[in-house]
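Below, subunit A partners subunit B and then partners subunit C, in two separate complexes.
Right after this comes the complex of A and B.
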């Protein structure tokens, strides 16, 4: 009995008869694969856009040297240029700016030594790669700028036109002295780039005597690693020497958590789809019991029977995977802009011009979809293969084979839950910094909990549904009672549908609670550190992924303080420094002033310890994430690189700060200026007098400085609203996939109920025969459907609350090391329950219609 | 016998006369391409002590023009070594922008620029004869041919009259990697200076220039008007000499970085 013959004569017949069921199953896997493909392609596209930007910007540079974010002394360039093995070493200034007027576009300013840069990057001022009518004038004038042709066309800017750009010294006029054709560096940042001479950029953006980067090419035959070491030894501590690929790797690490969480969520969509496959195959086996018995009697082996169902699943999943790829491409195209915006908001500027199609990623996800389908179908296929010919041929009413109610499943369910508890215990009891405090352990706890609860659902249904009979009868009369009985009849199959809803709702609720916890903790923390009434900066405080806005001269502090209604003004500066092979965030402010009006959230130490940060002392505080990662405690010392060499700082306390999960260091502004010789300010935090109005003071600030520079004077309340928007935006993709999993679960309910209606055809015929109306019949099915949703919703909400707690305790603490409290979002739970019931009810409409449309005579003769 | 000797002698004279006529009327690229450029080089070296005031006009492809005026001081310091100081006088935006060249040979030179707005002297990498001559469409080669003759091959293609002067039309092909594949130069036979030049890149015309208004100043032939066009971009540069003095003798202090910063004062 050949498999091919079985497929041709048996399977095809059933496909024709069960088109709707098969379509649902295919749809479920299709959506799961689509979610995975979309998220993978979006991630790849975002990373590729960084890689392309870096490659276009770096040209032939083999190595790149970076230092403090505020820049490092340009004398380092001479040191590098004179090293043996160096072919060319060219300086670079890289900063963000915005065009004043027009669309107020955010652009990257690339300051290069235009006389030498063509040695590294593929362009020249005097050939076809650029349209520069007067190269000498471009070099001679410090207001010279080159724009990309694309940007100039979009903004309607021509050569010799003057444009205004925000700089350290305020709004300055620059002259467009040429246009770059779309090649080489003109492709960086999606074409939103302007090129200046490096020394002109220094003067315009407050970096006189400093550089952001040195790009280096090596003489032929030089060993890259040896040169890297040679350059590192030639420089003081705190400089990074890395390949351009290494910079992409750094961005990849930065985006790692973002990518991992998106990947996990998309996998969950597939996980729910697996339930659908399991259910579909289980139902198919039950419906074809007789056929299986006949085949076995005719000599088909168990392996052949199992192989038949698995082959059917493989074929269906292959179709689903193909469709999923197409749908995934559409999802990816639709969502790429949103994801790029989220990455820009939270990390670094991302401008993705097109979706990067990667066959390996697409095929991998299609393969995972097919494999997941086979795994889901394996259990029922094996169970089906075990059906004996005699029991199969005898007419049985549809009863579950009892597998999911067996002791083995109960033990498995308990076992999974115990594994989850064990993982949590291990995690909580491990010391900070221990290997046991890992994401792997946290995910194992989450997956085990979900698996355990899912496996327990049939058992729970069997115990709890009888308890609901009276309630159902009271609420819905005979229809309710019938619905409850129907659910009880096939606990296994209905249990799988409940489990699917459970998983979706658990995901929904856990996301909502995690986000709520993060949001609540973030705002509690914000309140502790932002007591100012108005935040004054030259770019939007939340612009461009935390990339530095154009800093302002420190002298503005005195001018702002003199304005009527201003009680005090505090300067705030930030930057990144290298510490232990990564970049940590340095936050600088006036400690004496801050201690007066703004208590910091101290995790370890006392508030009074902050006094040791006061001027004249080289002390700092670090955040919990850094303290955990680097095992720092109060009283320890850390070495930070400064432009004048490494300096040892004492750690006074450990504070709560969510600004960066790689580490935050707080330093007094006087200490910073002493070591970094940098008196620029990123934000002025203005406290308004009690008797003054915030909007009046804000207007006074804008009036005072509006002519000379573009300023944002944002009331702190609005700032918090903006932060909330950014957070919400970052979770849009998560919410989209959550809803997707709910849809897949809904499909599972349709499949379950359709099968149920089919198997109860005779029963429905009898009910109709004794006088039940069509609407009453459909009512029974809809109530069943709603019950599945309600039970799945309640179990899912409870499980989701637990998973949310695990996420906060495990993932967020692991990443931020911060004391994020767990805050249950009750409105989200209510919404989840409504969604579960509503979606399930909706899913029940079609099966209800089929049931109501049953012909009495045909139904009574149905076997 | 005597009659035969007389007949042979007359034949010999006839043969010698015919040979003389033949050789006299043969094309004068009995001089090879290389020899032509050796002469071009000689003229160039003779002109190394000089002061020039020139005007440069840039024409962009849209028809816009930008003019500037500069003074150039040049001093010969060795067989092929020289120093140059160029200071721009107009327009006001370029006033006191200067360039300083210290050349050990025509290929081995250091070049610095000074831009008053930056108050900074900047070294300009000069590893190519294809470098733009002070922001114009001209290169250093355009004025005096390739410096290291061993790195090129020279082929006289034909002779032609250009601007009323008979010229060798010489194809110059580099043996080293250059921005262009070859150029064709019209070299005046009597003066050994370029009158016209055409550059080719990937067999397509790339740049084309003319050197006109040739005057003999102190026995040195000099084109007073030079024009170069970038065929690809449509950009043109016109350089006009307004005054010229040869055989000058400037002090070495004029050719220092300090002098560059002070615009030669």
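Right after this comes the complex of A and C.
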């Protein structure tokens, strides 16, 4: 009741008076919560789209058996079907294809046993067709397929219409025998799915004698775990037997780093919002200092005073959180397409049709926003509670209590910086693969450094501003000198505004530098890898990142090699295999040929070993990320699952490859074909003769194969440009949140300067009284705000360079290996400084106008 | 009811130690109206602050009704201020956002009483000080004298053991000052213990006892009338 009385009779009235100040504080937390809600919802939606796809495709299957990505022998189906406890075991081919003509859309092909599959999946067909699909007709006419009604409407396709689909064997004609209603499997991949007979799919997509998956339903009463065990034992090593939920978990693991980094950057927006809250509450306490003193004199306890400000903050943050949820939903809707595209580019094909709203995630982030606000308000609230009644109620002009200049704060600042250094030392000195080499330690180092430098800002301002007085006077005359003095007078309050700018600029610069480091290292590596002149694939080579493209028959190599102007052709195949509980990327090519023209970057081991040990032999190389994660060194062996069982491969060297953060294995094509019996190719890398033109050779390739299949023959230079675009696209969200943090910091400056102008009302009245013009008064305020931005910008840039190094050292190297160098992006630093000063100056315009509009008579009688 | 035993208060200004009060011993009985006088910097306000628990002595002891005010926790001191002491300040120190009624009721609101219970008491006290019609007015709408009356009503609402007034008429004209002194004298005649700091010798004459401070110590302590019973 005591607190309620204070809230009702005091807080509510202050809220009415300080609407602008309160609104800005709410805006800061609102934006922070919005960023977190948006990113969380987007992540959940992307994962849910995978989960839905898996579930829709799964039907009533309790377990799913998968093996090599190129398919496993169909004999495994017999082994499973005969096991006790199995109700139905049905074969599945699941692969990507593209619809030729129209929008050239990428579709998923589901090849099923048309006689049995209805036991697992329900198919609901529209009955418009005169020729209702009969399973036997599917068996008799191998060109039959079912499309979804959604896709048919979008492409203008009717039943009984013939369509061309790109297959391994080239463009093939199929007939649409029916249209699937949007239920069950028809909802997979956003409706971009076609169903055909399994045998027809095997033939069309180069999987003769092989399957991609077996879906299993169990007899009633069978124990799931026991069946899983039974099936696993019945199969050779290297097969995955998992529930549909387990497969979703696999995707979750694959996307783990991506999701974590997005979550971190969204938290940073809230982190900067906390500075805004701190500043707003601090200013409020200063403005209400006398009131606090009176309340304390009348018998308000310290707890009541602190509780008053914390409760006001809680109420404001609750409003901010609610608004943030709404704004976050809007942000999420606006960005979900972009994020899905980034996931598709870098990991697996993601088709997200709608935003998944999850109350737990939304409430969690709202709660974090409110908690963060309370944490930010705690320090000033406690400081306010410690104001002695005597010092507050005397009729003296307020002098800062110097809390932020106290020894305790100095010690805290040094302490935080030391913690950061300690974390880095621990990280660097830990052995690769040790638990100390963790993201948690890296984040602690970053946050501690930011906190330490922020705490040191008031002290730094106190030391350095006096040094600037003369310079300011020279550059800006009396206005400059006054501006410097004003900054110095309220070092604690201005220090918080500087710290907010520092924080957001540091994030901006660190992100620019770490992205630049990744880009530079990636492109250096890329240039070393892509030495071909033309990349030939059926399907855009970057259409679906890690997802398989439509492979081509190996025989095409000979045909391409014969074309005029072609110097050599190298086959490239890729796929994912299971290793140590996760999927790693297997890259297959002609190692001997590659070593002739491509300087592969070796991290550990000898290039000669790679050249001599790989071609045709059971040896591989792995990338740094895999070597670190799994503690592999040259000379070790690893076991990889093949369609014929696990095979032990020797590790010849550790190479630099950034293709996948979960792990990359290079294998010679002859070795791969021997074990996997798969001579399909994803990309032909063509080297053109020195005297031939790339354009001419490219056209020759397209002319040779254009009739029978849709081909992409992309000059390598264009390919590199596309890769750059993909990488830049993946950082759009990071850049968006960085801009958001700058906006929040800008709000902090407005709050700070408004409070400063209010405190100096009498002083401004005196200055105006003795002849200072309105424009001179506003000039002082604008110079102050520009100074805050400049100082925050310089400190932020310096801190950002350090944090960028920590990110590269701690995060990128953890994921990609030690070969990522640190490359400072100087243009970004220049931009950051301009942004800091520009935004701060902009933020100073409104307070400057208020100051310039001060009524002289009122100001001189102000107390 | 208030007793100081060799109480002193020292402040640090940079490297200097400044003694605002040195070894002050005195006893104030219930019903007294003590006026404390002295030149600027003599320690008058410091003495008042120690008596009212606004500050703690750096040496010596301070008692109220036999209970020590020195060395106790801030929480206990706060409760004493809230329930046992009524303050009147030179600059009124009303909360500008609150109405007169809310300002008067503030100590009880701090004690957790609902406003519905506090409001009648506050209204009655405002009538007592002649401001019954100004209950809903905020300080900016009141004159200096009226604001000080509100402050007096606020000081009375908890039926305190003592009222401490620090230069209560320092910001008022002579006519209004006299009204305030008469009001205080009336309260004392009803048995209220009052300690008042003033630099005005005419004001001091309204009390029953006059004490003069000089350089932080008691220079003179004179009874001029019998305390109210």
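The working rule: the second predicted complex is superposed on the first by the 841 of 863 C-alpha atoms of A that agree within 3 Å, B and C clash if a C-alpha of one lies under 4 Å from a C-alpha of the other, contacts with A are read in each partner's own complex, and residues count from 1 in each chain.
Here is the rule we use: a residue touches a chain if its C-beta (ideal position, glycine included) is under 8 Å from a C-beta of that chain, and two chains touch if they have at least 3 such contacts.
This one's a predicted model, so the numbers in the text were calculated from it and none came from an experiment.
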Next item on the list: With the two complexes superposed on chain A, say which partner A:302 touches: subunit B (first), subunit C (second), both, or neither.
Entry: second
Check: Who does A:13 touch here: subunit B (first), subunit C (second), both, or neither?
Finding: second
Next item on the list: Using the superposition on chain A described above, determine whether A:142 touches subunit B (first), subunit C (second), both, or neither.
Entry: first
Margin query: So in the superposed three-chain picture, is A:629 touching just subunit B, just subunit C, both, or none of them (first/second/both/neither)?
Written below: neither
Margin query: Tell me the contact category for A:294 with respect to subunit B and subunit C: first, second, both or neither.
Written below: second
Next item on the list: For A:200, select first, second, both or neither according to whether it touches subunit B, subunit C, the two together, or no partner.
Entry: first
Checklist line | Partner touching more residues of subunit A, whether subunit B or subunit C | finding: C
Margin query: For A:116, using the defined touch cut-off, is the partner it touches subunit B, subunit C, both, or neither? Pick first, second, both or neither.
Written below: first
Item checked: Contacts on subunit A seen with subunit B and repeated with subunit C across the two complexes -> none
Note to self: Help me check something: in the complex, which residues belonging to subunit A touch subunit C?
What the structure shows: 1-2, 5-6, 8-10, 13-14, 17, 290-291, 293-304, 388-390, 393, 395
Notebook entry, point to check: Taking the complex as given, what residues does subunit C use to touch subunit A?
Noted result: 49, 54-55, 74-75, 78-79, 81-83, 87, 89-91, 93-95, 97-98, 102, 106-107, 109-115, 154
Check: Can you list the residues on subunit A that touch subunit B in the complex?
Finding: 113, 115-116, 119, 125-128, 131, 133-137, 139-142, 159-160, 199-200, 203
Next item on the list: Please name which positions on subunit B make contact with subunit A in the complex.
Entry: 58, 60-62, 64, 66, 68, 93-94, 97, 113, 115-118, 120, 122-125, 132, 134-137, 179, 232-233, 235
